[in-house]
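Have a look at these structures, which come just after this line.
Next come two complexes, and both contain chain A; in the first it sits with chain B, in the second with chain C.
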Partner chain A sequence: MLAIKLAYRNLIGAGLRTWLNVFVLSFTYILIIWQYGVIDGWNYQAKFDMQAWEFGNGQYWQRNYDPYDYFSFEESHAAIPELLQKATSEGIVTPILISQGTIYPDGRLQSMILRGISPNQKVIAIPSAELNTKSEEIPVVIGRRMANSCKLKQGDITTIRWRDANGTFDAKEVKVVKIFNCDVPSVDAGQMYISLEKLQEMMQTPGEATMFVVGENSAMKDSISGWKYKSIDFLMKDMTELIKMKKVGGSIFYFILLLLAMLAIFDTQVLSIFRRQKEIGTYIAMGMTRKQVVGLFTVEGAMHAILAVIVGAVYGVPFLLWQMKIGMTMPAGSDDMGIPIAKTIFPVYGAGLVISTILLVLIITTIVSYMPAHKISKMNPTDAIKGKIQ
Partner chain B sequence: MEQNFLITINNLVKNFPIGGGEFTALNGINLTFNTGEFVGFVGPSGSGKTTLLNIIGSLDTPSEGSVNVLGREVGKLNTKKAAILRRQHLGFIFQTYNLLPVYSVYENVEFPLLLLKMNASERKKAVMDALVWVGLTDKIKSRPAQLSGGECQRVAVARAMVKKPKIVLADEPTANLDAANSHNILKMMLKLNEELKTTFIFATHDDKVIKYLKRKISLEDGKVIQDEIIKTNKEK
Partner chain C sequence: MKRLALILFLIPTIIWAQEPTGKEILERVDKNMAAKSTISTSKMVIHGARQTRTIEAKSWGMGDKKSFTEYLSPAREKGTKMLKLEDELWIYSPSADRIIKISGHMLRQSLMGSDLSYEDMMDNTELLEDYDAGVIGSEIVDDRNCWIVELQAKTAEVNYQTRKIWVDKNRYIPLKEELYAKSGKLLKKTELFDITKMGNRWYPKKIVFKDMLKKGNGTEFIIDKIEFDKKIDAYIFTKASLK
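For the complex of A and B:
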C-alpha cells in the first residue's frame, strides 16, 4: 500500500518528534499490559488461594446459615444428611460446624468464630491434622492474623468462652498447637479451628454441622433438602466484583496516560498539517486525490501506534517477562485490607489482554490522527502550494 | 470544441471573492496550445499569470468560459478526476521548488511514479534517466536541505519530467536562482522539450526566461495584450 510506504518515509524522516511520540505510546502499552497483568495475576492467585483454603469447589450451607449474620449461627446447624455423610467418608466433602465464641487477649473481650473441622480432612488447606496433638487443654489451630491480633504464640494457653445450643455459657482452656500462614483473610482473621467432634460436644450438638466444603476434584452439587448448594461463582462474587472495580480504577489511570499520548499525537498532527501545507499542496499538484492525502496523514498518525508496538516490544517484553518471573512484592500491610493478596503477585498476561490493548490504542490513535487530517480535504490547493494559509 | 489542440481556452473569466464583492483576475482569455510548445505568460505582477497557469493545471476552476486540457473540461472535473489528470499528464515546477523535505533526491523524483503504481524496475530506470537529464546522479541520497537552490530546482525539473508528462507547468521557475543556474535550468528544459516533445508553459517576468521562449503571451490586468511567436532562439 502506497500510503503505508509514504507514511513510513515521512515518519522516519521526521526523526525525533516521531520517536518521542512513539516512546510515550509504547510506554502506555507496557503500562496497561503490566497493570492489567498484575490485576489478573492477583485475581488468579486469589481465586486459587480462596478455593484451596475456603471454598473448594462449592459449599453446602445449612438452610439458615448466613456468613454475614453471626446471630444466624445459633439456628444454622443441623444433623448431617445421609448423602453428605457418605461423601464425607469418601473424602469428597468435609463438614464444618460454626459457632460464636469469645477470647480474652490482655483481659479484653474479643469475639471470634469457632470452626469445628475434622482433623482428618484433606478437602481444604487448613492444617487440621494438628488438632490431633495430644494435650491437656483443647488443641486449636489459628492463622497468623488471628495470632497477631490476640497476641498468641504457638504453645500458648488461653481461655475461650462460648454458648451451647441450650444457651448455657461455658468456658475452657485451649492450647494453640499451630499457627498457619495464609493469604485469605476470611479463614484467618477472627477464626479459631477446633476439632469437629470436640466442638459438637462443647455445643451439645452431636453429629451436626453448619456447612460442607466440596473438594476441588469433585463436581458434587446435588440438591439436598434442608441444605443449600452454593456454587464457586456465587462464593467468589465479592472477589470478582472487587477485581472489576480494580480494573476500572486502573483504567482511569491508564486513560489519563492514553489521553496524554493522544494529545501528543493530535498536536503533532495539527502542527504538521499547518507546517506541511506546502507539502500537501505539492501532493495535490502531483496528482494525489484529497482522500489519498487525508489517508496518508491518518496512516502517518496511526503508524505511531504500530511503531510503538515494535519499540515497546524491545524494552517491554523483557520487562514484562522479568516481572512475571520475580513477581511484584506487595507493600507491607496490604494483607490487612481484608482481601486476599499474596505477598508477591505474579502478573499474568493473556493473549487477549495484549491484543485488545494494541487494538484499543491503534483504533484511538487512528481516530485522533484522522480528525485533524480531515481538514486537509477542505484546503485550497493553490494556497496550500505557496504555504500561505494561516 | 477543437480537439486537435492540446489546450483550448475560450472566453475564460476568473473572479475571486474579496471583501463583499469580486475581483476579476482573468477577463476573457482565448488561447490555444499545440504539442511541443515552449511558451510563457509574461506580464507585470498581478496580471494573472499564476491564476491562468493554475486553471490550466486543474488546481483551480474557471468562473466563466471553458478550459479544455487534453480533451477534458477543467471546470467540470471533480477533484478526483482533476487529480488523475494531473497525475497522468501534468508536471509542475514551482518557484519555491516544493520538494518533499524528508525525502531524498531519489525519493522525490520517484514520487510521481509511485502514484502511477509503476513497477519497481521500470520505476528505478525512469528515476535514474530523469536524474541523468538534470545531471544529479551524484546526489541521489541527499536531502533537499543539503542542496543548493539550483540543484533543488533541477530535482524539481526531474520530478516534473520523470513520468514524461504531456504538459509541464512552471511558475517562476528561476525566481530564486542566479543567472548561471537559471540558464542551466532553461537549457535543460529546452532540451527536454525538443527531445521528448513535452509542452512547457511558463509564468514569468524574468528576462532570462523570456529569452528562451518560442512563444510569448503578454498579460495585463487579466487580458491577453500580445501573443507572439519568436522564431529565433537567441544565445542558447
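For the complex of A and C:
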C-alpha cells in the first residue's frame, strides 16, 4: 500500500513527463478497442447479413453442386426429396434452382447466374414476392450491383439466353420488377432471380432444385440421400478466415504504437533510476529492502497504465460511444470488392475486448517497468546515497 | 387434243416432282463443300462496339473433325495456336507458354472477342442426323434464287431447335443460315458472300457471323487463299505441334 501511495506521489510529481506517457498509452488503449470493435462490428454485421440473405441456418446441396465450379451447375439438379418437399411446404426451407445464363443489356453480352426461387418463400431476404408481378415478359429481381454492371433500372426489359438441361439454346425477354439493396455481393453481383417454377420450365427440369436454404429458426440438419448438409460454420468459413486475417493485420499497427509507448515508459524508468540514485539509497538506508524498492519503481511504471485507463476513459468513452452511434462510413466502392461489407460499419465493443485490452497493456507495462528497476537490486546503498553512478 | 390437255395437266406435277427434298438439298450442299482436307489463310475482322480488329491465321483442316490454326497477326495474337480434335479443343498461348484445354463453360466464351464462341467453332452437328429438313419456300438472296430449307430438331439434345438455310438453287451452296432459340427468337445469323468457283466446287470467300442479340456489325471471316484435298502431315493434328 505504501508502495502504491509513494508511486502515485512520485508519478504526479514527475509532471508533464508522466502525462505524456499516460496520454500515449491511453491513445493505444482507445485505438486497440476501437479497431477491434470495428472489425467485430463488421464481422457481426456481415454474418447477420449473410444469414439473412444467403445462408439461413445452413444449406442442403445437391451432391454434385459446387458453388466455386460453374461446370458443376449443369449436373447439379435433382428431384426434390420427400423430406425437403415437406419442409418446403411448412416454410422451414426454400429450394433454389441454379443455372448459367447470358444477359444482353443494351446489346452487350454478359454472363450471369440464374437463380430460381419461390415467390412465396420467407426463408431468405430476397424480395421474391415481386416475382408474382404480372408481366408479358418474365419478371426478374436483381440486386444493385447487377443493376449497375448491366446498367439496368427497375421496369427495364432486356433479353436473356440460356440452355436447357438438354443443352438447347433458348432466349426470352425479361422485365426487371425490383432492384434490391444488399450488402452480400455473392447474392447480388452477376445474379438474376426468377420464379422457381418458371426456371424449372425454362430448364426442362420440373420439380427439381440445386440447393435448399434452411430457415434461421430451424435446426434441420438431417442427412438426406443425394443431398449434403452444409452447416452455417462451413458456409461462413471464408468470412471467418477473412476476419481473422484482418485482426492479425490490424494488430501489427497497434503493436507498433504499443512498442512506442513501451519505449517511452522504459526510457522514463531508466532515467528515473539514473537520476534518483540518492533517493534509492535513502529508501534502503531507511530500512526498505531492495525488493521493496524494485517493487516501488515497478508499481510506478505500471501505474502509467492505470492512469492511462482513467485518462482514456475521459475522452475515449464518449468517442467510442459516438462511433457506435454514427458508425464508420466505408469508402465508396468498398462493397464492390466481393466481400460482405456494409456502407457504414457500427463498432461492437464487448466487455471481453475492453478487459483483455486493459490487462494486456497493464501486463506489458509492468514487465517493461520491472526490467530497468531490476538493476536497483544490484546497487550499493552507500554509493547510491552519495549519488555515485553505478 | 386430249393428249395436249393431259400434258398441260401433268406439267405442274412434273415440275413439282423435280423439286428436291430438304434432305437432297443438304446432301448436294455437302457434296459441293466437303473436302478431305483444306489449307487456308484467312482474316477474321471483328467489329466491336468501339473498334475493329483484324486477326490473320493459317489453318489446316481434315474433314470437319480435325483442324489446326496458327494465328499470324496482330503481334498480340501471333504464335497462338489452336487444335481441334473431334470434341476437344486446345489452345497454346506463347505469352504464357502453356497449352490450355478449353472445355465446359469456357467453350461458351467468345473466340478472341468475335461473334463466334469456341463452341460454335466446335460444332460438328450432323444436320441430317439430328434434324428433319424440309423446303419451306423460295427467296431471292443476293440476286440468287434460293430454297429455304428449314431444319427442325429430331432430338432434344441439340444446340438449336430450329435452323433455316437459304441454299442457292443452281450452285448448291448456302448463302445464309439463321439459328433460332426454342422460343423462336433469332439468335445467330451467318451470311456467305463472294461465291467463287474453285476447281469443281463453289466456295464462299467471305462469311459474316452475327450474334443477333448483340450490338455490332458481326465478325467477318475472309478467306484469302484456300487449297483443297492437299496432303497434310498427321503430325499437324497432334498436341506436339502446338508448341
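General remarks:
Note that in this section the second predicted complex is superposed on the first by the 385 of 390 C-alpha atoms of A that agree within 3 Å, B and C clash if a C-alpha of one lies under 4 Å from a C-alpha of the other, contacts with A are read in each partner's own complex, and residues count from 1 in each chain.
Note that in this section a residue touches a chain if its C-beta (ideal position, glycine included) is under 8 Å from a C-beta of that chain, and two chains touch if they have at least 3 such contacts.
Small disclaimer: the values here were computed from a predicted structure and weren't measured.
Taken together in the superposed arrangement on chain A, chain B and chain C fit without clashing. Of the two partner chains placed by superposition, A:231 touches none, neither chain B nor chain C.
Of the two partner chains placed by the overlay, only chain B lies in contact with A:6; chain C stays clear of it. Once chain A of one complex is fitted onto chain A of the other, the partner contacts of A:186 are absent, as it touches neither chain B nor chain C. Using the contact criterion defined above for the overlaid structures, shared-chain residue A:85 touches neither chain B nor chain C, since it reaches no partner.
In the superposition on chain A, A:159 makes contact with chain C only, while chain B stays out of contact range.
Contacts of A:288 after superposition on the shared chain: chain B is touched, whereas chain C is not. After superposing the two complexes on chain A, the angle subtended at the C-alpha centre of chain A by the centres of chain B and chain C comes to 150 degrees, rounded to the nearest 10. Look at A:64: by the touch rule set out above, it reaches neither chain B nor chain C. Looking at the shared chain after the overlay, A:109 reaches chain C, while chain B stays out of its contact range. No C-alpha atom of chain B lies closer than 74 Å to one of chain C in the superposed arrangement.
Those residues of chain B that touch chain A in the shared complex are 50, 54, 57, 59-60, 79-80, 83-88, 90, 92, 94, 96, 98-103, 107, 111-112, 114-115, 117, 159. Within the complex formed with chain B, the residues of chain A that make contact are 2, 5-6, 9-10, 12-14, 278-279, 281-282, 284-292, 381-382, 385-387.
Looking at the complex, you find that chain C touches chain A at residues 49, 103-105, 108, 110, 153, 156-161, 179, 181-183, 185, 187, 211, 213-216.
Only residues 70-71, 100, 102, 104, 106-109, 111, 159, 161, 163-164, 166-172, 204 of chain A touch chain C when the two sit together in their complex.
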